[in-house]
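First chain A sits with chain B, and in the next complex the same chain sits with chain C.
After this line comes the complex of A and B, so read on.
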């Protein structure tokens, strides 16, 4: 199995994996979605809320804020020594106190004060609620680790997708250089380069086959490799995208080991 | 009421981008270009910002908080 990183940005990673089949690619995708733990606010204690927003909506909004996760120093509640009751090894408290004076105030995720400096909202610019004059908000929120299996707010990724590696082939003898494909391709894959039809950025091809339909002489064929996949992993901000992939691969390995051990005992 | 924190469909964070989107569109920029620059490429995330109307300000007009005198 070979992995090649094509593109890496703050919260997105594109990579090419060669030498795997669909079953494995999908197992990896599903592991990233449901088994990689991430931090999220799970319980909220509303001490005072005189804003126009109901406590429940506010608690729901708090739950959706992605928190920067430190997997090293926190345990999943079910694996913790405290048996899930909530101790400093599996729980982190965040507080929020905001009062509007004589003017309207927007409460942002950056107003949350965390007990652990490592666990913080991934961005402080998420508007939570707006306070009218003389309204007050005092909140205590408890964040914990969880997995996407339990609730989607614990997913460290927003989208994980994979696609086949496209192969775009042009038969130079059949091509009449009508340029119909150049116009029709939504990803601008075809270019006329010195009187011959050339292809560029073929990895962007979505295999819509519009070019094949448009090409009258039938010079273009679109195929795909069946043992290579292009992955796109988009992090929610909780974990770095490459950390998500690494963690998912580890988890998948452990889970396969468990099932192999079980099969071995039969 | 107020901009949803994440995209309903894919779960991408959208709330933090709404202020900038609103400001730039009000200045007359093309919403499609602004959305591209904000990194919202999928149509599920784009509709979150495009179709949102903030009505929390209308609610706030009916706020029932009492003003405590001499405070």
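After this line comes the complex of A and C, so read on.
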């Protein structure tokens, strides 16, 4: 198995894994989506809401705000000593107080004040509701850990996808250097280099095969490897993207161990 | 993950994996099929809303390999591969931050 990180920036990681099959790639993808825990607001106490928005819609919007998650300091409610009733080890309180004066005010996720400085909205720029003059909002919200299995708001990722590694081949004997492929390729894979057709950044190829259609002499073939995958993991901001991958591998390991223990006792 | 035996014979085994999904079961199925002694390996989810797939594995009688042994070996293989992946990811991440 060979893993190479191609690109990592802010909340996104692109990496190449060689020597795995589709089943493993998919198990990993599904684990990242549904089994890696993340924080989200799950209970909301509306003390005052004179805005035009219903309490329920507001609560739903609060639930969808990605929160920076600290997996070290919090337990999943079902694993907590309090048996899921809610305590400081499995719950974090956030409050929101906003009042508009004589002008319209937009309430943003950044207006939430957290009891724990480590648990905060991953961005403060998510608009929640607009207050007209003299409207007020006082809210207490309780965040907890959960998994995507329960509700999509607990997913730490906004995208996890994998694709096959493309192989772009040009038959030099058939190529007439008409440059039709250079024009048509949306990812600019083809370049004319010293009078011959060359390829660049082939990992970007989306396998749309526009070049194959355009190439009149039929010099271009697009294929793919079947034991290598390009992963793209985009975090919602809850966890670092590489932490999500590592945590998913750990979670998958744990599940295999449980079934191995069971099968060993048969 | 709560496994439960549905049917157990020498050459055939049916296990329900409560709370599991396609990710785990398909990986197990594919890994089981790598073993030549396996005659049949598959899983079934009765209803998409019920997360309780049933994995079936049947070995060839001529191979004299017990179903539970083959299943254990497949799970060991899966564990080794996942551990390798975990280790390599860690390595790749630290290599990348050095660059």
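The working rule: the second predicted complex is superposed on the first by the 266 of 266 C-alpha atoms of A that agree within 3 Å, B and C clash if a C-alpha of one lies under 4 Å from a C-alpha of the other, contacts with A are read in each partner's own complex, and residues count from 1 in each chain.
Heads up, the rule we're going with is that contacts are C-beta pairs under 8 Å (C-beta built on N, C-alpha and C of every residue); 3 or more make two chains touch, one makes a residue touch a chain.
Computed from a predicted structure; not experimentally measured.
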**OP:** Kindly say whether there is room for both chain B and chain C on chain A in the superposition, answering fit or clash.
**Re:** fit
**OP:** For A:208, decide between first (touching chain B), second (touching chain C), both and neither.
**Re:** neither
**OP:** Answer with first, second, both or neither: which of chain B and chain C does A:82 touch in the superposed model?
**Re:** neither
**OP:** Quick one: classify A:34 as touching chain B (first), chain C (second), both or neither.
**Re:** second
**OP:** Would you check which partner chain A:260 touches, where first means chain B only, second means chain C only, and both and neither mean what they say?
**Re:** second
**OP:** Please indicate which partner A:192 is in contact with in the superposed arrangement: first for chain B, second for chain C, both, or neither.
**Re:** neither
**OP:** Write the angle, vertex at the C-alpha centre of chain A, between the C-alpha centres of chain B and chain C, to the nearest 10 degrees.
**Re:** 150
**OP:** For A:45, select first, second, both or neither according to whether it touches chain B, chain C, the two together, or no partner.
**Re:** neither
**OP:** Scan A:113 for contacts with chain B and chain C and give back first, second, both or neither.
**Re:** neither
Original post:
For the overlay built on chain A, what is the smallest gap between any CA atom of chain B and any CA atom of chain C, in Å?
Top reply: 20
Original post:
Across the complex, what residues on chain B touch chain A?
Top reply: 1-3, 5-7, 10-13, 15-16, 18-19, 42, 56-57, 59-60, 62-63, 65-68
Original post:
Which residues of chain A touch chain B in the complex?
Top reply: 50, 52-53, 57, 61, 64-66, 104, 109, 122-123, 125-130, 132-135, 152, 155, 157-159, 234, 236-237
Original post:
Which positions of chain A touch chain C when the two form their complex?
Top reply: 1-5, 8, 15, 17, 20-21, 23-24, 26-31, 34, 149, 242, 245-246, 249-250, 252-253, 255-260, 262-264, 266
**OP:** State the interface residues of chain C toward chain A in the complex, per the touch definition above.
**Re:** 1, 3, 5, 8, 13, 15, 17, 19-24, 26-27, 29-31, 51, 68, 71-72, 75-76, 78-79, 81-86, 88-93, 95-96
